[in-house]
Amino acid sequence: MNFSFDDQQVQFRDAVRSFLVVQAAPEVLREHWETTDSGRSPEMRQKITEQGLTALSVPEAYGGLQQGDLDWVLLLQEVGYHGIPDSLSDAAYVGVGIVAALEDEAFKSEWLGRMCEGKARLAISHPLNPLVHDAQIADLILLWHNDEVHAATPDQVGLELNPSIDASRRLYKLDWTPSDATRVCDAASGKAIWAQAVNRAAVAVGAQMVGLAQRMLDLGVDYSAQRKQFGKPIGSFQAIKHQMADIAVKIEFARPVLHRAAYALQHGDATLEAKVSHARLACAEAALLAARNAMQAHGAMGYTWEADLQMFMKRAWALESFWGDRLFHKQRVAQALFAADAQIGPGTTF
Amino acid sequence: MNFSFDDQQVQFRDAVRSFLVVQAAPEVLREHWETTDSGRSPEMRQKITEQGLTALSVPEAYGGLQQGDLDWVLLLQEVGYHGIPDSLSDAAYVGVGIVAALEDEAFKSEWLGRMCEGKARLAISHPLNPLVHDAQIADLILLWHNDEVHAATPDQVGLELNPSIDASRRLYKLDWTPSDATRVCDAASGKAIWAQAVNRAAVAVGAQMVGLAQRMLDLGVDYSAQRKQFGKPIGSFQAIKHQMADIAVKIEFARPVLHRAAYALQHGDATLEAKVSHARLACAEAALLAARNAMQAHGAMGYTWEADLQMFMKRAWALESFWGDRLFHKQRVAQALFAADAQIGPGTTF
Amino acid sequence: MDLNYTQEQQQFRATVRGWLEAHVPSAPLPSFDTEEGFAAHRQWEAKLASQGYSAVTWPKDLGGLGADLIEWLIFEEEYWRAGAPGRVNQNGIFLLAPTLMEYGTAEQKARFLPRMATSEDTWAQGWSEPGAGSDMAAIRSTARREGDEFVINGQKIWSTRAVYADWLFGLFRSESGSSRHHGLSFILMPLDLPGITVRPIRQLNGLPGFAEIFFDNVRVPANNLLGGEGEGWRIAMATAGFERGLMLRSPARFQKTAADLVALYQANRERCDADPAIRDAVMKCWMDAEAYTLATYATASRLAKGAKIGAEASTNKIFWSELDVKMHETAMSILGARAELMPHAPRAEGIAQWLDGFLFSLAGPIYAGTNEIQRNIIAERMLGMPRA
Amino acid sequence: MDLNYTQEQQQFRATVRGWLEAHVPSAPLPSFDTEEGFAAHRQWEAKLASQGYSAVTWPKDLGGLGADLIEWLIFEEEYWRAGAPGRVNQNGIFLLAPTLMEYGTAEQKARFLPRMATSEDTWAQGWSEPGAGSDMAAIRSTARREGDEFVINGQKIWSTRAVYADWLFGLFRSESGSSRHHGLSFILMPLDLPGITVRPIRQLNGLPGFAEIFFDNVRVPANNLLGGEGEGWRIAMATAGFERGLMLRSPARFQKTAADLVALYQANRERCDADPAIRDAVMKCWMDAEAYTLATYATASRLAKGAKIGAEASTNKIFWSELDVKMHETAMSILGARAELMPHAPRAEGIAQWLDGFLFSLAGPIYAGTNEIQRNIIAERMLGMPRA
């Protein structure tokens, strides 16, 4: 029993953090989002590739690093903290996981190889998300159809842009017709692949939510240390302090739940779904509270486009219903908790 | 349209308040509760009778003051504030209402007359309350049985004492058998009588809850002004201030709902049940928050038997499920709100 | 107590309802934080004013209907029920006007109020400064008296509607060397005076809903002083009382949102009940919207009897702002993955109001004095708790 | 990361489970806030001690099992799972003992710890004073050194278990004229010394769960000083760290309550679902009890790698205390009209635990440093926010 990360995992996380601090400053990201159609930067993707992120999940046999969910869960907290668009985790974590689970070796070779080289963007269409983000610039869209896996390129599908309050997100309503030509996996195999993809995606969203919560907490603490009213920094007022402390408590008790879910993903677990959904709920709760309280600490400044806080708040609001909304995840927890054979109480956690 | 009380109503309320301030000090009440079996004092009941409270609802034809629900709702806030046991409202308000609605003139004459003279205690047994309070010292117990109204004296029923956390409450499980001899009203007439009784009782509980909330707020504010930590009164700390302010807000927005419910009771209303239950929920919310926050302001002192706060907290906890618990009242609101023909939105309040 | 409307009140409601049914635009106007939308809303205000509806509580000779507070509540109920446009000149009509009526000269009233009623003049407020937000007494912008003029220098911020408005009212330090709430004056000025620069500030939704205003030796005629020189704080506090009090957010607004929320829940009921918290929140929101309405009627009734508005200003502010957030958060939960869509997204059809409303609701606990400040006020002034 | 128990850990669990199944009293013991109950609990502690179970983390030679934190968690899980009695000597075993082990002399350890493990000596704490609650540095009780003795004067309050306990540990001002956290000493003393008066304080439930203690020239041998003279604050802070940290409230406690709450909900499900908030609260409580467990395992794992306990002390305190209140409030709602019944009421059969637990839960946000103080600590020490 050892519920802590290996030094190697922590070091890799720290390396990525250092990279993001330098390369993914808010002003850089905002420029991509506000001045380009795609909201994405090939240069940024290239740098991310160099960090090894796009190859992280790819099996060694296909030239990748073959790392697991526990590695991702640490990294994605940083991705969230730094506001990197969440399409990264869809492509490099969830999407690669789907492709790697397919049987068609030629297909896998091509796309996993391209991912390793940073030469492919994967997008995913799944009924939990009525809209698909980054579909327009994807090199390949993986599509759910009655548990089958299909694959298509953007020119094979109709795309209708639907702008999100989160300026980083490029969401599209897809119009497409499944066919033998697009099918890459039948429903019998696809069912498990999609189930794992949904759980991975939910953990990925949770991890980003925790990162976002931490970022908003830091922004709230920083702003309230600088901003003075009544002759004192507002951060010296107990009301603001307690609002910030409340975020910290939520984060402290979301992280271990998240990490347990990632472990369950990596090692398989009979109640994986409930564990993942619990993590997702706890992380979202931290992020949404952080958004509320950090905005309150910012006062009117928090209501502006100019303050960086908005980038992270909007991401949190958008992610709240990405890959399963609160209703979906609560229902999965309820199914496990209220089942006749539920194992609960002391000693049942692991 | 005039949503305010008449001067006369306010003056009567003020008079009763002045009386209770003097006669119902916490130490007096505690002595009754802690040193007597009944928890009641004949002297106190006599004084309350002299104030006109036991005759308040009795029709003039039977020697009473024939006042209505709006009078009661003001008085009962004071009753709650001063911690007078809630059996008073059961007897003088709800019980008198039941008796006054019966057809048997001899029965009415006797019991309404005795109420006016302060020579009767009425207790009520209704399925919403599995236990009956003050059943042992009641002169008459009014009992529900399949919508019929029955009446019995304590010696005609079996009584099993069940102590409450609220030292003022004397609760009894009743064991009795309905018979022709005990029946004073059939189900056809009884149904409406009991419905009105339940609504009255719920408003009475709500009114006492608001009074309790105000009392606990006052106790919290007083204690935190006196108690010093870190060289200052703890009431000067923002955390305590905001906890007290939160109670004040709840009270401010519970009172008008309560008053509207009393008006609906007095004048009849198609959605009376929902209005009453809404009031009951809002008032209980204020009282329960007041208990939590006032205790927090009291620190360890709030956890003692010695501090008066406990009297009012315990009453609030007990009343929370008296004459319908939260579930019951939420369901009544839901039935009205989610009905196909519900009238909601601007302009539908009155 | 009598909770029946009089025949006159019923008649008033019927008249308002009839007029609104005939005149409310069938499609929503564009946001008044756009130039086009501001113009459209100004036209709508003129149309309202033609009936005395832009300012029903004002005296008839100033463009109103002389309505009392109960009639105002009725009007607001009908207005929100009809889904009529937002009020682009509310800073003027609901905030400044009551102050003008109390403290303005006859000349000022005649000069400003009728044009305000018709929205020929629209008004922005100039309270906050970069160093004076919740701490309004920290104002540093100056108004130096020079003969028949004030010379204004400094900076205001968070001026709602200032990007397109015609006039500004605000507080300026007119006594050199004064501090805190002393030596401030309440001054009105057109926003096109030489020396005024208005810099729009983009809000969360990307639109310039408020602005920074820079004053560089702006010369304002002294007859634009409201009340006495150095009396500004007292007068502004009266305005703040109105703002946080009754007129800023009429209950009908929240009843409309609550009813819409109930309808949204009902339309998605099977889905919603996967999360029992939603049903509970919907019920609570509706009850609280009712409670706010009842509390407002109670206050209006007390005021009609001669009472003065008191702590209601602060308790109201907290209650409606937190209710508004809760209602919109609940709606966001119900909408799920569609909640994030911008109003103009094709898939946002029919739900565009909710994201807009959600963003707007988040400002509620901040503007007009943050809810932290309101809680301090309740604790110290209403409950008498010791100051820090 | 490896979330599997080792074979040794599984074996340990099985052994503990087997012993508890054989020895846990079938009927609950009377409350340890009664004389009879205190004695019964003391006997139970002696039985636990016979297996090294009263203090599993202590070294074997002092009466423990030398268990690590993971084993401690396992033990606690089994202990709560078995529904075993409350721990009457927890002030000694979980709060004082770690401090004694770190700061005590060999002689003190030998003198106090084995008798503590068997509960031959039970311990009460003497932190708070009438003017020093959350502000512990305001202590005024004095310990004047006279040769080989300290002469103690003053008053302590809120001493849990002090009515029946044998010994007291606490902080006293040993340097005349010192202020705040300077000049305090950490002193141990038997509660039957001449000059000590223990006045029971009745708690909400009517029982004397804590006491006031008056000291009138009480003479305590100097070898009962823990650590150096004037070092008391530093030593006490270490104790407070333990208290708010891991050992005060093991997660198993809350998992047991959460599981009981789920069972209560399931048994009353149809009724409960009239209020959708209940189902939601039950789920949330269970999730939070799991989260608290996971966080504790994570902390234990970090400590095993050599990390020191940090802000967990304060975040834990807030989390478990608010969870405990929420769980019991939810249970009260489910129980409805039966919730108010005292444990000995005939109709409280089968539900007596809930009212007791509810009352106890309300003390959680207050003792061991109020949650307001904990939030200050988090803000200032963990987040680095400016002091007031």
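A, B, C and D label the chains in the order they appear, each numbered from 1.
Convention: a residue touches a chain if its C-beta (ideal position, glycine included) is under 8 Å from a C-beta of that chain, and two chains touch if they have at least 3 such contacts.
In UniProt terms the chains read A, B = Butyryl-CoA dehydrogenase.
Computed from a prediction, not measured in an experiment: that's the story for all the values here.
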Report the chain whose CA-based centre is farthest from the CA-based centre of chain C. D
If you tally the C-beta contacts for B-D and for B-C, which one comes out higher? B-C
Indicate the whole-number Å distance between the mean C-alpha point of chain A and the mean C-alpha point of chain B. 53
Averaging only over C-alpha atoms, locate the centres of chain A and chain C and give their separation in whole Å. 39
Chain A, residues touching no fewer than two other chains: 237-240, 242, 330
Among the residues of chain D, which are close enough to touch at least two other chains? 275, 277, 279-280, 372, 375, 388
Considering only the defined contacts, which chain B positions touch chain C in the complex? 1-6, 70, 217, 221, 224-225, 232-233, 235-238, 240-242, 244-246, 248-249, 252-257, 259-260, 263, 267, 278, 281-282, 330, 333-334, 337-338, 342, 344-350
Using the touch definition from the top, list the residues of chain D that touch chain A in their complex. 1-6, 9, 13, 70, 74, 76-78, 80-81, 251-252, 255-256, 258-259, 262, 266, 279-280, 283, 286-288, 290-295, 297-298, 300-302, 304-305, 311-312, 315, 318-319, 372, 374-376, 378-380, 382-388
Using the touch definition from the top, list the residues of chain B that touch chain A in their complex. 237-239, 242
As the complex stands, chain C meets chain D at residues 273, 275-277, 279-280, 388
Contacting residues of chain D [partner chain B, same complex]: 128, 131, 133-135, 138, 157-158, 201-206, 210, 271-272, 274-275, 277-278, 325, 332-333, 335-342, 344-348, 355, 359, 362-363, 365-367, 370-372, 375
